[in-house]
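The following pair of complexes shares a single chain, chain A, combined with chain B in the former and chain C in the latter.
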Partner chain A sequence: MAIGKPFVRVEDERFLRGEGRFTADYALPHMVEAHVLRSPYAHAEIRSISTDQALALPGVHAVFTGDDLPSDLPPIQCRIPTHGDLSAYLQFPFARGKVRYVGEPLALIIADTRAIAEDAAELVDVDFEPLTAVTDPSAALTEASAKVHERGNLAGRWGFDLGDVATALDTAAFTASDRFSIQRHSAMPMETRGLLASYDAGRNLLDVYGPTKVVHTNRNMLASMLGMGEAEIRMIEPDVGGSFGARGEFYPEDYLIPFASIRLKRPVRWIEDRVEHFAAINHSRDCVFDVTVAADAEGVITAFDVKLVCDMGSFIRTHGDVVPSHAAASFPGPYRVRNYRIDAMTVMTNKTPTGTYRAPGMFEANFARERAIDRLADRMGLERAELRRRNLIQPEEMPWHVGTESVKRPTIFDSGNFPLIFERATQAFGWSAPFEREVEGWKRGRGMCALVEPSGLGPFEGVRIEVDQHGRVQIFSGSSNQGQGHETILAQIASEILTVPMEKVRVRHGDTGIITFGGGTYASRTAIMGGNAVHAASTGVRQKALGAASRKFGFPIEDLDLREGAIWHGMKNEPLASLGDMARMLMPGNQEILVTPSAGNIPDNDGLVVTSYVRGVSAGAAVFAVHLADVLVDPATGETKVERYMVACDVGRQLNPLIVEGQIIGGVAQGLGGTFLEELSYNEEGQLTTGTFADYLMPNVYDMPPVTSLVFEESPATTNILGVKGVGEVGPSGVAAAVGNAIANALSATSGINTLPLTPQRVIEAIGFEVGA
Partner chain B sequence: MKPAPFDYFAPTTLDEVFELLSKYGDDARVIAGGQSLVPMLALRLARPEVLIDLNRIPSLAGISEDGGTLRIGAMTRQARALASDVIRNRLPLLHQALWNVGHPPTRARGTLGGSISHADPAAETPMVMMAYNASMVIAGKDNERIVEAGDFTLGTFETCLEDGEILKEIIVDAPRSDEGIGFAELSRRRGDFAMVSAAARLRLNADGTCADAHLIIGAVAPVPLRCDAVAQALVGTEPTEQRLREAVGLIDLDSFSFDNPEVSLAYRRHIAPTLAFRALAQAAGKASGLHT
Partner chain C sequence: MNKHRVALTVNDKAVSMLVEPRQSLADALRGELGLMGTHLGCEHGVCGACTIVVDGDAVRGCLMLAVQAEGAEVTTVEGASPAVGLSEIQAALREFHGLQCGFCTPGMVMVLHHLFTENPSPSEDEIREALSGQLCRCTGYQGIMNAAKAVSARHGRLNDQPTQTPPDTTGI
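And now, the complex of A and B:
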C-alpha cells in the first residue's frame, strides 16, 4: 500500500545533490541572450524609440521594439472568465503608445551575453512625455484622475446580494464594522522566470524550455499569437524553483523570446533577474475590504455586508479578476450566513499588473472576515470561539451552496464536519486553557481563524501510463510540478493500484510533447485532478493487463488478480505472468497474443498503455481548516513574536503525510511573510520602491515559530474517487487572520490591527502612543 | 543586473593601491567585502571606471593587541571579528553589536572597515566605534592621519576620507575590564536595517554609583547620536530602573530626522528611549555583576 505513506520525496535527492536542471542550466549551440528594456516611468507617452546606437554595439544581434511586431498581433488573452468584458485592459507584449507601469517592456535586446545586452539597453534612446501617475485606487475613481486606459479606471463593478441584508442590519442586536487592507505583495519563487526558445526554421518547429504551470494553455496561446500550429510548438518544463501562482503564467516575455528566436533563427535565452522580477512578475493581494458583520442577541451571525476595492495594476493579465472574484465568492467562509452582500470594484492604476498568489482572494477575505468576527465577539462579550461555533455550517447541511460563484463556477462545499474539526482543533491547541497574559513585560494574546479553502478547480486533467516489458511504469502527466512533490504522490497512486514498488514508477510532466492535453497545476488541484487521472489510467492499465492475461491463459477475467506486480490465478503458488510480461505480450508486432485478422491492415495491440482524462467538478473539494496562534507583543515597541502556531485541517485523505505537513508549514511561512514583512511599495510617482530583497523582506529561519499541523481524514471529498482534498493553500490562507486576532487580543485593542503588514509601528498604533512616553 | 563595464585591479601592496588611486582619481572605487558595493554595481547605481580590490593585501586584515591597545585591520571580516576571543573579551560591545550586522553570509565577506567607510546611518559598527572613542587610521599616498570615530562619519554615506585615501586600521584603547556593555536594536527582521539602535557602556564605582557611561543611538539621523546628557545625568547616581528611565528622557529627540512611511519620525522618537533604556540596563546589570 503506497497511498498514505510518508515517502520522502523522490525529487529531493537530485535537488539536494545540486543535480536539478533549471532553465538557466539549459544551453544550446549558437544560443544568444536576451534582455528586456523596461519602462522607467509609471505613466508616460512614448514619443520615439531610437535603437541605432544600441545596434552598433559589438556583440549585439538585434533590438526589437513594438514596430517589429505584427500590426495585427492580438493582446495576451485572459484565460479565465471575468466579471464583464475586460478586453480593453489586456496587455500587448510591448508597450503601445504609452507606458503604464514601471517595468513595462519597451524593447528586447539580443546579444552574445546578457552583460552586453544590458550595456546596449542603456544606448536605446526613448523619448518620453511623462504623464501623471495613478497610484491610489480611490483617487483613481475620481473625475479628476488621470486615466490609465481610455475606457476608464473602473474596470469592473459587480457583486452578490443574497438574502435580505438590509433587514438583517436593521434588526441586528450587534454589529461591528471596520476597514481591512491587505498590502500588495506576491510570490517570490527562489528561481526567477526564464525561457529558452529554439526555432528550427527548416521544419518550422519551435521548442520552448522554461514554461511551467499551464504549459498546454500557454502553448495554445503562443501558437495563436505566432500564427503557428499548436503541434508545431513544444513547451518543456524543466525543474522549477517555485511558482506559487505567479510563475508559469503567460507574460509578455513568453511571446517575445520565441518571437526573437524565430526572427533570428537562433536559440534565444532570457533569464529574469531579481530586480526585473520585482517589477515584472504578477503582483497580488492589494485590496481593501469595508466589512459590517451583524448578529442577533443569541450570537447568530445574521449578515455580512462588504465593499471590496481591488487594485488591479495597469493591465488585466491571464488571471483576469480572479483574486477579487474568489474573495467575493468565498467571503462568508465556514459560516451559515444567508444574508450576504458584496459590492466589488476592480480599479486600474499605474502599477505592475496583478494575478494570483497562493490562496488568492482567500488570505485577504479570511483576514477581513475573521478580524471582523473577533471585533463582533468582543463587542458582544461573547467568547470568540463560541461565536464561531454557533455559526458553523453543520455536517447535515452538506453539500453547502454558498449562493455565490467565481469564474462561472458555483461555490459549493462538497463535504465536511466543521464542528468536529473545530472542537478537535481548539482542544488540541488548548484554546480554552488559561494562560499568562504577561511575560517579562511582553503581552501574550491568542487568536484563531476558521476558514474553508476551495481546491481542485479547473476543467480536466489527463495522464498516459505506459508499462514497459521490464515492468517499469511511466506516468506522463498533464499537470506540472514546481516543487510540490507531484513526482512522488502521482507515483504513489500508480504504485498502489498497479502493486509495483515506488522505485519502478516514474513521473514525467509539464511537456506538451509527451501528452496531448493537460490542465496544469494551480488552485491546489494536482492531488485531486492529476491524482484521479492517475487513478483512472492505473485502473485502466490493470484492467487491460488482466484482460490480456485472460485471453492469453484462457481463464475468466474474474478469476484473475493483480498483486505484487504480477497476474495471479486463484490460489496458485506461482503467478501466471508479471506486469512486464503482459506489457511485452501487448506490444504491437508481438506474436504471443494474436489479434483477430480482418481484411486489409490488421489493427494490432497498442501496448500496455492507457490514456485517461478526468473532468473537473465545479465545486472542487472544500478543505475546512482552523488556524490558531499564540503571539507575544512588546507594548513598548510593537515588536511581535509568534510563540506557537497550529493548523488543523480535514484533507479528506492524505496521499503523503510528509508532503501534507510540508505544504502546511511552508504555507504558514509564506503567510507570516505576508502578515508581517512583505510589501511591494510604490511612491506617488508610481516608482516601485521595494526593488531588492534588502527592501522586500521575506521571513527567514529566525522568524519561524514552531508550527504544528494537525491533519484529519474525517470527510473524504465526495467529488472525486480518491476522496482527496487539495492542501496547497491551507497553510497561508488563515495566517494574517489568526495572528492579527492574537495581536489584538494581546493588546486588548478595540481598533487597529486592520492594515497589513503588521509592522511594529502599526501594531503600536493600535493602542496609540506618545512620543517620549 | 550586470554591472557596467569597469577595469579591475587586485593589488597586493598598499603602495600599489595608492598609485592606482592617484592615477585614476575619481574614476576609481576601492572594494572591500563588497556586500554593499557589489549590489550597487549590479544595479548600476555605482558605476566606477576602475575597481581596486583590497582583498589581496594581507596587512590590511587582522586583530592585534599591544598592552591596552587593540588594532583592527580595516579588511578584517565581520565574521572573523565576531569569532575573535580578543574582541569578545576586550571589546564586548563590538562583539555584541556584530550579531546585529547583516546575516551570516554577509558577515563572512563583509569587513569592519568596509561597513564603517560605507557610513550607512543604520550601521552598527560606526556607533560602536563612537562609543569606544576609537581612532581611525586613514592612509593616503604620502601620509597617514588619525581621526576620532566621532569625526569620521559626516553624513549618510559620507565620511571624512579624501580622494586617494582609505581607512587602514582602527585603534581602540580597551576599556577597563569591570565595564558593562549593552546593545539593543529593533529591526523589521533580524539582521536587517535597524529602525533604532542603542549602544551603551557603563562602569560602576565601588559604592554602586555610576562612574562612567556612554550612550550612542543609531539609525535616527545621518550620523549616530552621542547622548552625553544622558551619560552625565547617570554619573554619580545609582543606575536604578527609575534613574535609567529618567535619564533616557534626556535624549535629544529633536535631533532625530529620519522619517519614512514605514518607520515614522514619531515612532522612532517613541521607541528610542525604550531601546536606550534596555541597552543601559543591560550594561548596568553586567557592570554590577562584574563588581560582586
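And now, the complex of A and C:
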C-alpha cells in the first residue's frame, strides 16, 4: 500500500544535486533579455516617455511603452467572481496616463543582456506630474481624499446579516469589542518570478516557460489578450521556487514578455530581481476588523458583529476581493453562532495591488475572532478553552452551513468532530497543566486558536494517465507544483491503485501541452482535486486493462485481478500479462486482442490511456485545527520567545505523513513571520520602506521554536472518494491568534496585542508602557 | 564594456572565463560555465541561496565579483554532489524532509558541506549558527536542522539526537 506512507519525496534528488530547472535556468538560441521600467512615484500623471536615448545604447533591441500596445487591448481580467462590479479598477499591462503605485510597469526594455537592459532603463526619460498619494484606507474614504481611480476609492461595500444581531447584542450578558489590524505582508517565495517566451512566427505558436499555479487559466487569458488560439499557446511550468498563493497569477509581465517575443520574433527572457519583486508581486492581508462578540451568562456566544476594511492597493488583480471575501465568509470559525453580521469595505490606495497569500482571509479573521474570544473569556472570568468548548459545532450538526458564501460558493463544513479533536489537542499540549508564570524575569503565557480551514476549492481537476509497453506509468496532471510534493503524493495514489512500484510512476504537471484542461493549484486543493483525479484515472486504467485481458484470454473479468503490476487469473502461479503487455495490446492498430483477427478488422484501440476530469464540490473539505503556544515575554523590553508550538488538526486521511508534517511546520514558520516580523510598510509618499530582505525580515533558523504537529484522521472528507482534506494552509492560519493570545495571557493584558506584527514596542505598549517615556 | 579573462578552478577543473568587471561570481558560474545549481534569491547577500565555497570559505556568490576569483578554488553544489546519487548531507536532507520547493536547497547543501568539512561532528548550536545566514521560506528549518543533527550524530559526537525518527522509506 502506498497511500499513507511517509515516502521520501521523489523530486528531492534533483534539487539536492542542483539539477532542478527553474525559469532562470532556461535559455534558447538568439534569446534576448527584458527589464521592466517601473514607476518611481505612487501617484502621478505621465506627461511623456522618451525612449530615444535608451534605444541608441548598443545592445538594445527595443523599448516598448503603452503606445506600442493595441489600442483595444483589454485590461487583465479578474478570474473569479467578486462582490459587485470591480471592472473599473482592473490593471492594464502598462500604466495608462497615470501611475498608481511605485512599481507599476511603464516600459519594457529588450537587450542582449539583462545588464544592458537595466543600463538602458536609466536612459528612458519619463516626465511625471506628481499627484497626492493615497496611502491610508480610512483617509481614502474621506471626501477630501485624492482619487486613485475615477470611480472613487471605495471599491466595494457588502456583507452578511444573519440571524438577529441587534437583539443578541441588546440582551447579551457580556460583550467584548476591539479593533484588530493585520499588516500588509506577502508570500516572498525564495525564487523571484520570471518568464521565457518564444514565438514561432511561421507557425504562429507561442511557448511560455515560467507560469505556474493556474497555467490553463493564464494561457486562456493570454490567448484572448493576444487574439491567438488557446492551443497555439503552450505554457510550461518549470521547477518553481515557492508560490504560497502569490506567484503564478496573471501579472502585467505575463502579457508583456510574450508580446515582446511576438514583436521581435525572438525568445525573450525576463527574470525579476528581488527589489522588483517587492514592488511587483501581489501583496496581501492588510485588513482592519472592528469586532464585537457577545455571550449570554452561560458562556454561549450569541453574536459576532464585525466591520472589515481591506486595503486592496491600486488595482483589482486576478484574485479580485478574495481576501476580504474569505474572511467575511468564514469569520464565525468553528463556533455555532447564528447571529452574525459583517459590513465589509474594500478600499483602493496607491500601493502595490493585493492578492492571496497562504490562508487568505483566514489568518486575518482567525486573529481577530480568537483575540476577541479571549477578551470575552477574561471579561466573563471563564477559562478560555472552556468558552470555546461550549460553543463548538457538534458532530451531529455536520454538514454545517455557515450561511455565508465566498466567490459565489456557500461556506459549508462537510464533516468533522470538533469537540473530540479539541479535547485531544488540549490534552496533548497539556493546556490545563499548571505552569510557572515567571522565569528569570520573563513572563510566560499560554494561548490557543481554534479554526476551520477550507480546502479543495475550485470547479474541477484533470489527469491523464498513460501506461507504456514497459509498464511505466506517466501521470499528466492539470495541477501545478511549487514545492508541495505533488510529484510524490500523486504517484503514491497511482502506485497503490495500479499496484506498481513508485519508481515506475512519474508525474508531470503545470503544462498546457500535456492535458487539455487543468484547474491548477490553490486553496489547498491538489491532494483533494488532483488526488481524486488520479484516483479516477488510475481506476479507469485498471478497469481498461482488466477488460482487455478478459477479451484477450477469455476469462470473465470478475475472475481476473490486478496485482504486482500484472493481470492474474484465479490462484495461478504466473500472471497472464503485465500492465506493459496490456498497454502493448491496446496500442492502436494492434490486433493481439481480436478474437478472430483479419486484415480488414482493425481494432479501435486507443492505448492503455485514461483521462479523467473530476468535478469539485463547491464547499470543498473543512479542516478543523487547534493551534497552541507557550510564549515567554520580557516585560521590560517587549521581547518575545515562542517556547513551544503545536498544531493539532484532522485532515481526514493523510496521503504522506512526512509531507503533511512538512506543510504544517513550514506553514507555522510563515505564520510566525507574519506575527512578529514581516511588514510591507509605506510612507506618506507611497514609497515602500521595507523593500529588501534587509528591511523586510523573514524567520531564520533562530526564529523557529520547536513545532509539533498532531495529525488526526478521524473525519474523512465526505466530499471526495479519498476522504482527504487539504493541509497546505492549516499551518499559518492560526499562528497570530494563538501567539497573540499567549502574549496577552503572559502580560495579563486587557488591551492591546491587537495590531500585527507584534513588535517589542507593541508588546510593551499593551502593559501601559509609553515608548520613549 | 571591457571583458577580463579570469582563470580559476571550479569543482576541481581548471577553467577560464571572459567576464565583465561588474559581473558577480554567481552570474559567471551560471552564465559562463552553465553551473545552474547556484541560485540567486535576492542578489543582495541576505538569502544565502547562492552560497558556494571559495578557497575553503563559504561565501555568497552574489556578493563576490567574478574578477575577484582569479586563481581561486571554487566548489559549487555540482561539485559537492557525487557522480550519481546523493552525498551523506544531501541524503539526510531528503530523509528528514529538509526541502520543499528546492530553490534555497543548493545554498543549504553548500553551507552544510562547508560546516561538515571543517567539523565532522558539530553541535546543535554550531549547526544553527552555520544555517543562520540562509533563508528558507518553505520548511521552517526543522527538517534541515534534524538532517544536520542526524549527520553529526552519525559521526559520533553529537548528543542531541534528532527529534524526529527517520521515516520508513521502503516501497510497496
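By our rule, the second predicted complex is superposed on the first by the 760 of 773 C-alpha atoms of A that agree within 3 Å, B and C clash if a C-alpha of one lies under 4 Å from a C-alpha of the other, contacts with A are read in each partner's own complex, and residues count from 1 in each chain.
By our rule, a residue touches a chain if its C-beta (ideal position, glycine included) is under 8 Å from a C-beta of that chain, and two chains touch if they have at least 3 such contacts.
Please read all numbers here as calculations on a predicted model, not as lab measurements.
Peer 1: After the overlay on chain A, what do you see for chain B versus chain C, clash or fit?
Peer 2: fit
Peer 1: Once the structures are superposed on A, label A:W158 by its partner contacts, choosing first (chain B), second (chain C), both or neither.
Peer 2: Neither: A:W158 stays clear of chain B and chain C.
Peer 1: So, does A:E639 touch the first partner chain B, the second partner chain C, both, or neither?
Peer 2: It touches chain B, and chain C stays clear.
Peer 1: Which partner, once the models are overlaid, touches more of chain A's residues, chain C or chain B?
Peer 2: C
Peer 1: Classify the contacts of A:M704 with the two partner chains as first (chain B alone), second (chain C alone), both, or neither.
Peer 2: In the superposition, A:M704 contacts chain C only.
Peer 1: Per the contact definition in the header, classify A:F460: touching chain B only (first), chain C only (second), both, or neither.
Peer 2: Neither partner.
Peer 1: Identify the partner contact of A:F15: answer first if only chain B is touched, second if only chain C is, both if each is, neither if none is.
Peer 2: second
Peer 1: Under the stated touch criterion, which partner chain does A:E661 make contact with: chain B (first), chain C (second), both, or neither?
Peer 2: second
Peer 1: Regarding the shared-chain residue A:E118, is it in contact with chain B (first), chain C (second), both, or neither?
Peer 2: first
Peer 1: Who does A:P760 touch here: chain B (first), chain C (second), both, or neither?
Peer 2: first
Peer 1: From the CA centre of chain A, what is the angle out to the CA centres of chain B and chain C, nearest 10°?
Peer 2: The three centres form an angle at chain A of 40 degrees.
Peer 1: Could you say whether A:F555 touches chain B, chain C, both of them, or neither, answering first, second, both or neither?
Peer 2: Neither partner.
Peer 1: To be precise, I mean the smallest distance between any C-alpha of chain B and any C-alpha of chain C in the superposed model; what is it in Å?
Peer 2: Distance of closest C-alpha approach: 5 Å.
Peer 1: Which residues of chain A are in contact with chain B in one complex and with chain C in the other?
Peer 2: Overlap of chain B and chain C footprints on chain A: residues 115, 273-275, 692, 694, 699-700, 702.
Peer 1: Could you please specify the touching residues of chain A with respect to chain C in the complex?
Peer 2: It is residues 1-2, 5-9, 11-22, 24-25, 115, 187-192, 239-242, 244, 273-275, 482-485, 495-496, 499, 501-503, 657-659, 661-662, 665-670, 692-694, 698-702, 704, 706-707 of chain A that touch chain C.
Peer 1: For the complex, give me every residue of chain C touching chain A.
Peer 2: 20, 22-23, 30, 35-44, 46-47, 49, 76-78, 81, 85-86, 90, 93-95, 97, 99-106, 109, 128, 131-145, 163, 167-169, 171-172
Peer 1: Taking the complex as given, what residues does chain A use to touch chain B?
Peer 2: 114-115, 118-119, 122, 273-276, 636-639, 676-677, 681, 691-692, 694, 697, 699-700, 702-703, 759-761, 764, 769-773
Peer 1: If we count contacts the way the header does, which residues on chain B are in touch with chain A in the complex?
Peer 2: 1-5, 39, 43-44, 103, 186, 188-193, 195, 249, 253, 261-264, 266-267, 269-271, 273-275
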